[in-house]
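So, here's a batch of structures to check.
Each of the two complexes below includes chain A, the first together with chain B, the second together with chain C.
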Partner chain A sequence: MNRVTAALAGLGLVVAAGLVAGTAPAPSVLQGPIPVGAAVGQQAQGRDIVVTVQGVALARTLRSDDWTGAASGVWVVVRLRAETRLTSGAVTGSLTVGGRTWNVSDRPPVSLDQTSVDPGLPVEGVLAFEVPRSALVDGAILQLGRSPRPQADSAIRVRLDLAGAPVRPSLRVDAPQGVGS
Partner chain B sequence: MSGAAGTGRTPRAVWIVLAVLGALVVAGLVAWPLGGWDTVTPSSARIPALHTGQLHRGAQLATRIEGAEVGPAYPDGRTPLHGGRVLTVTALVEDLDDAPATATDLAATIVVPGLTAALGDPDIRVASDGTSMGDLGPSVPTRLTLSWRVRTGAYRAGSELELRVIDRRPVESVLSVGTRWVDPRVAALWHGTLAAGPPATPDDAAFGGSGS
Partner chain C sequence: MTRRGWLRPWLRRWRWVLLALVVLVPGAALTAMSVGTFDHLAGLPQIQNVSRGTVAHYGGAEVRLLDRRVVTASSAAGRRDGVPAGTELVIATIRVDASRVPAKRSDTCDAELVDPAPGGDRVWRPGGSRADYFPPSGYSSICQLSARPVYRYQAVFLVPRGVGATAELRFSALRQTPRELRLR
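On to the complex of A and B.
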């Protein structure tokens, strides 16, 4: 191998290394959620979660048996049926609108994410998000999973169209209830 | 003639004067592009004052301190499980970032000098309904109460209190996805008078609250 060949080989290795580095997945892709798309009313299944978003309602105030909570903006209330597949634990989520993200609110004491959901035992309940009125637009992305931001795990993603939906003055929310499978 | 003049050598005093003048010239040249020499106030003395009801906009959170009080109980009437009294700060807080501010972020935003490290993080609740505050989402201004358990006698109603409002800067997280807020610094100082806090709820007082 003469010097020219060696130089060309070295240059080729540098270019190849650059290609590898340039096309490597970003950390957010490597560690981020594995999305599973679904629509309202459609059952979606992830690695350790099965959910069906049954409906969405908007309200200024939520109330349960011994709690009333007014939102600074608006409550987005998602009613869903959920079960886990492998392990018991919480089912929770986040709502993303225009690059801004809200996690499930801890305020409603009857929130589904404060209940442990067991494998094969579906429950129905609500998750509530406290958002500003500016977030009531079409194309909001509801993400459901075993944590608000699943890492390298399934995330059920459901598109919600919130523009023009009626905002009720008050809405009653109830504790999660088990249902027959 | 005698001495230095007699031998033709430059006197030592002349060299000293030249050295001093040279140092001044160099110092002037260094100072010129930096704005010149001036008497300045140390940055530590320039922390802006935050008045009651005045909004402070940090990089992550906007904070408006509305008052502070000390009393036997938390805002909902619970008393501290392990005794002592409760120092409560009421503040309107808004997340200015695109991602939720965690309870840890909120707890680190308002600091009572000399207190936080000793007695831990505050109990943070939504003022309107007393529910525990987890994450605070973007663009939802929320009135919060931050309550610290304090030693009996450490703070009294009517005395002066200083609060530090902390700001941090965002960096991309390495070990996980998202943003971390680092390099805390005191961005504003609030001074006010402690009001008397709420009385304890009799039932809770008998058994003691969780305090957390």
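On to the complex of A and C.
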């Protein structure tokens, strides 16, 4: 092997190593959520979650049997049907608008994320987010999963258009109910 | 120089380096993998199958499955206990004698119902809050391996119809992991 061949081979190896390093996924991608897109009314299925967002409503005050809660801004109430596929546990989510993210509020005692959801046993319930009025824009991203920020796990993402949606003075929310599997 | 003409002298010249690579590269790979392999093997479940009525020694306690029954939604008991349609209740009663477990080795134990499936095991934790069944008095719904009188732990699972008869009942405690009992 002459020197020119050796130099070319060495250069080729350096370029190949650069390509490998340059195209390797970042740790945040490897450890981050695995997005599954869906629309309102459409069933989405992840690794350990099956969920359908049935509707979204806005309200200034939420009430259940023995609780009433006024929002400092607005309640975004997501009604959904959810079941897990593998393990019992919580189904929860977050709402992202323009780079700001809100977790599910722990104020409503009937929130779905306070109930254990079991494999093969779907339930219907609500998740509520308390957001400022400035967050009521189109293109809000609702993310649903087994934790607020899933890592290396499925995250169901649903686009919500909140601009112009009517804000009710009061909205009744009920505890999660099992539905036929 | 032909292709063969330069290859032989090159191989002869670098033979010791190539020989060292042949030994060192697989050796390094095996060494790197062995670290994870030992951890992996140490973390594999150590399963002890225990048939109904047989005493298992676990974490210093004696554990025995007394009873396991399935209550279907359509049965009289299912209607009485409000078992939802399409589901069934699995009620497992386990006798736990942890009276000789030292206080400093107290542990929380847990039961799970597992349906092995090709796509991944489906695991139910005790709950069954969607039915109206509650353990009768004299039964505990909390499992602990701690110094207390002998008690009967009742684990209640709500599962889809058809799962209750075949799913495995697993019993474990945090400090005993990865050792677990399969109560049959």
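Following the convention adopted for this analysis, the second predicted complex is superposed on the first by the 181 of 181 C-alpha atoms of A that agree within 3 Å, B and C clash if a C-alpha of one lies under 4 Å from a C-alpha of the other, contacts with A are read in each partner's own complex, and residues count from 1 in each chain.
Assume a contact is a pair of C-beta atoms (placed from the backbone, for glycine too) under 8 Å apart; a residue touches a chain by one contact, two chains touch by 3 or more.
From a predicted model like this one, the values you see are computed outputs, not experimental measurements.
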{"item": "Fit-or-clash call for chain B and chain C when the two complexes are aligned on chain A", "value": "fit"}
{"item": "Superposed arrangement, angle subtended at the Cα centre of chain A by chain B and chain C, nearest 10 degrees", "value": "90"}
{"item": "Partner chain in contact with A:D118 - chain B first, chain C second, else both or neither", "value": "second"}
{"item": "Which of chain B and chain C A:R149 touches, first, second, both or neither", "value": "first"}
{"item": "First, second, both or neither for A:N103, with chain B first and chain C second", "value": "first"}
{"item": "Which superposed partner A:P169 touches (first chain B, second chain C, both, neither)", "value": "neither"}
{"item": "Partner chain in contact with A:G69 - chain B first, chain C second, else both or neither", "value": "first"}
{"item": "First (chain B), second (chain C), both or neither touched by A:P25", "value": "neither"}
{"item": "Comparison of chain B and chain C by chain A residues contacted", "value": "B"}
{"item": "Partner chain(s) touched by A:R85 [first = chain B, second = chain C, both, neither]", "value": "second"}
{"item": "Lowest inter-chain C-alpha distance for chain C and chain B in the superposed arrangement, angstrom", "value": "18"}
{"item": "On chain A, positions contacted by chain B and by chain C", "value": "none"}
{"item": "Chain A contact footprint on chain B (complex, rising order)", "value": "98-100, 126, 128-129, 131-135, 137-142, 174, 176-178"}
{"item": "Complex contacts: residues of chain C adjacent to chain A", "value": "6, 10, 84-87, 115, 119-125, 127, 129-130, 158-161, 163"}
{"item": "Touch list for chain A against partner chain B, complex", "value": "27-28, 31-32, 67-73, 94, 99-103, 105-107, 109, 129-132, 134-135, 148-149, 151"}
{"item": "Of all residues in chain A, those that touch chain C in their complex", "value": "1, 85-89, 115-116, 118-121, 178, 180-181"}
